[in-house]
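Each chain gets a letter, A, B and C, in the order it is written, and its residues are counted from 1.
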């Protein structure tokens, strides 16, 4: 049997065998701590880190917006956790909102934020507050530029925002040094386009890897000042704050699967080219 | 008049006001009020979608038609309605927040299901890579080569071959110009479509019935 | 039930639901359908409760009944009109609500879209040329200059590629082809990142199964 015929037979492989190979490729690195990986902090992540790190402690809060749904939680929740660790360790206050239109992002925030805050002994409504969610992201972003309390009259738990100590001196974006949007859709760029252009808000993007290539024009033009891109971005950020976590293991699996997919593409194309040559 | 002219007038007045307020600070109090209105009506539009879902599953569970039969998948629709009922009761009686049944159901059912559904895509991607991604033309070859370089470069591998630098170059140069051109085109298109909606040239949202 | 035991049971439920969805890879089956439908019901319930607490109570109920802002009955009326879509005879009333939503949203987006998507993007393209210009006394930064020129020329080439009112022949054709190659490279980069994104989602789920779920099962056994 020659190579071309062998490859053609391989192309007819049952898809469940491919699925099994992928699954094994993801699982094995967890137990073998292989292959070796190297994480270099990219300039986008370094920019994001520096902007957050420059926020004075116990002062104006970082605005953290959970603009994603559970489908993207695997990529974005690690970023949220890392950002919260960073802020709480430096005693930077955090103001949490969600503009994911179904409200599912708020459900994620309601699980993640209190848990991480409790680890650092941060006090609710003093060191952090969760204002809940608003459905129409564009309108909410622009409305917050004038009056955040009007946009969120009560927090996620039903407490009037006027009675929250952290919100005492917060009126609008003038008191917000930066927003870190964790987004799986175009909401990420909405922050740059709407409040970024109208109110000059500093926007940092924690985005799924799908959007990293698309968001580059905003980074180059300065509309977005820092980007955490996908699982790798989360791993880089964790490394930068000195708390390497599960994402390192995740990056090992990424490496195996990337090379597996490159191998699949290569094999498929070699078979295709050999078949074409044979026909010619 | 009632079916076409009044909606067009509402659209024009609301749209013009919201466009013009950007330039006139004196409109600010009214702008804030209209923003609240938009959020409320938008919320109702989402609830409308949910009502359609509930209606669909309720119909499946009911005995309908001349033979008074249920839909063949009625048991699944019953599961959906049961999940809905439990969630409503949990949310309205116990409330939301840490440790509540509402939050636990979100964490234990909704989050895993949605996350896993999208995780299936990785398998389909691998299968497609094997069967479908072919370098049939120069364009496809450029696309696949760029993809492979970026995939390896993101892992910070291939430094001796300069792959991370090449990956960075692709991201900062051809990718940037392509995405910027698309953004510019989309931006101009969006602005012109929005303007057409406001002035009533674009009226597909009115449906097809004549007045 | 102790809080720890409850957490274990919730984790096991999450793992079982995850496995039910993964079973679809073998073939469509009742377990998968059941998990999917339960999740649909739970998500609808979640959204209704969240919207009630976020919009209805603070923005309508409190404003109208406690603060006397009766103008909030206007959006309430518009919202209610949306439901006339369910009735064939009065469904046209929902157009008023749609007209308000679309008109206000479109009007709101026009100035910011032009500024954020067009003007600032154009500025970003041209500004790079200015930055690459050599300052007094310094030499030319070849790398930055090349990048700046590539940015301007490449952006125009990609825009020319999308220009269909001019035939792509001769010089314009070659220029548009250069734009096309840049677009292909850009899509290739996007594809590379998409692979990373999709695999990350799978890694997240597998981490949950191999760590949290297995840990919860072992505590029960």
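Going forward, a residue touches a chain if its C-beta (ideal position, glycine included) is under 8 Å from a C-beta of that chain, and two chains touch if they have at least 3 such contacts.
Bear in mind the structure is a predicted one, so any value in this text is a computation, not a measurement.
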Chain whose Cα centroid lies nearest the overall Cα centroid = C
Furthest chain, CA centroid comparison against subunit B = A
So how far apart, in whole Å, are subunit A and subunit C when each is placed at the average of its C-alpha atoms?
-> 12
If you average the Cα atoms of subunit B and of subunit C to get two centres, how far apart are those centres in Å?
-> 6
Starting from the mean Cα coordinates of subunit A and subunit B, work out the distance between those two points in Å.
-> 17
Where subunit C touches two or more other chains simultaneously, the residues are 25, 43, 46-47, 50-51, 53-55, 59, 105, 108-109, 111-113, 116-117, 121, 124-125, 151, 186, 189-190, 192-196, 199, 201-202, 204-206
Residue list for subunit A, restricted to those that touch at least two other chains = 19, 22-23, 71-74, 102, 104, 107, 134-136, 139, 142, 198, 213-214, 217, 220, 232, 254, 257-258, 261
Residues within subunit B bordering two or more other chains | 22, 36, 38-39, 42-43, 46, 96, 106-107, 110-115, 117-119, 122-123, 125, 144, 148, 150-151, 154, 171-172, 175-176, 179-180, 183
Within the complex, which stretch of subunit C touches subunit A?
-> 25-26, 43, 46-47, 50-51, 53-55, 57-59, 62, 105, 108-109, 111-113, 115-117, 120-121, 123-125, 127-128, 151, 186, 189-190, 192-197, 199-207, 210
Contacts from subunit A onto subunit C in the complex sit at residues 16, 19, 22-23, 26-27, 30, 71-75, 102-104, 106-107, 132-136, 138-139, 142, 153-154, 158, 192-194, 196-198, 208-214, 217, 220-223, 229-232, 246, 249-250, 253-254, 257-258, 261
Tell me, which parts of subunit A touch subunit B in their complex?
-> 11, 13, 15, 18-19, 21-23, 37-40, 69-74, 101-102, 104, 107-108, 110-111, 114-115, 134-136, 139-140, 142-143, 146-147, 150-151, 156-157, 198, 213-214, 216-217, 220, 232, 251, 254-255, 257-258, 260-262, 264-265, 267-269, 272-273
Mind pulling up the subunit C residues that touch subunit B in the complex?
-> 3, 6, 10-11, 13-15, 17-18, 21-22, 24-25, 33-56, 59-60, 63, 71-72, 74-76, 78-80, 82-83, 85-86, 92, 95-114, 116-118, 121-122, 124-125, 147, 150-151, 154-155, 157-159, 161-162, 179-196, 198-199, 201-202, 204-206, 208
Residue ranges of subunit B in contact with subunit A within the complex = 22, 28, 31-32, 35-36, 38-39, 42-43, 46, 96-98, 103, 106-107, 110-115, 117-119, 122-123, 125-127, 129-135, 144, 148, 150-152, 154-157, 164, 171-172, 175-176, 179-180, 183
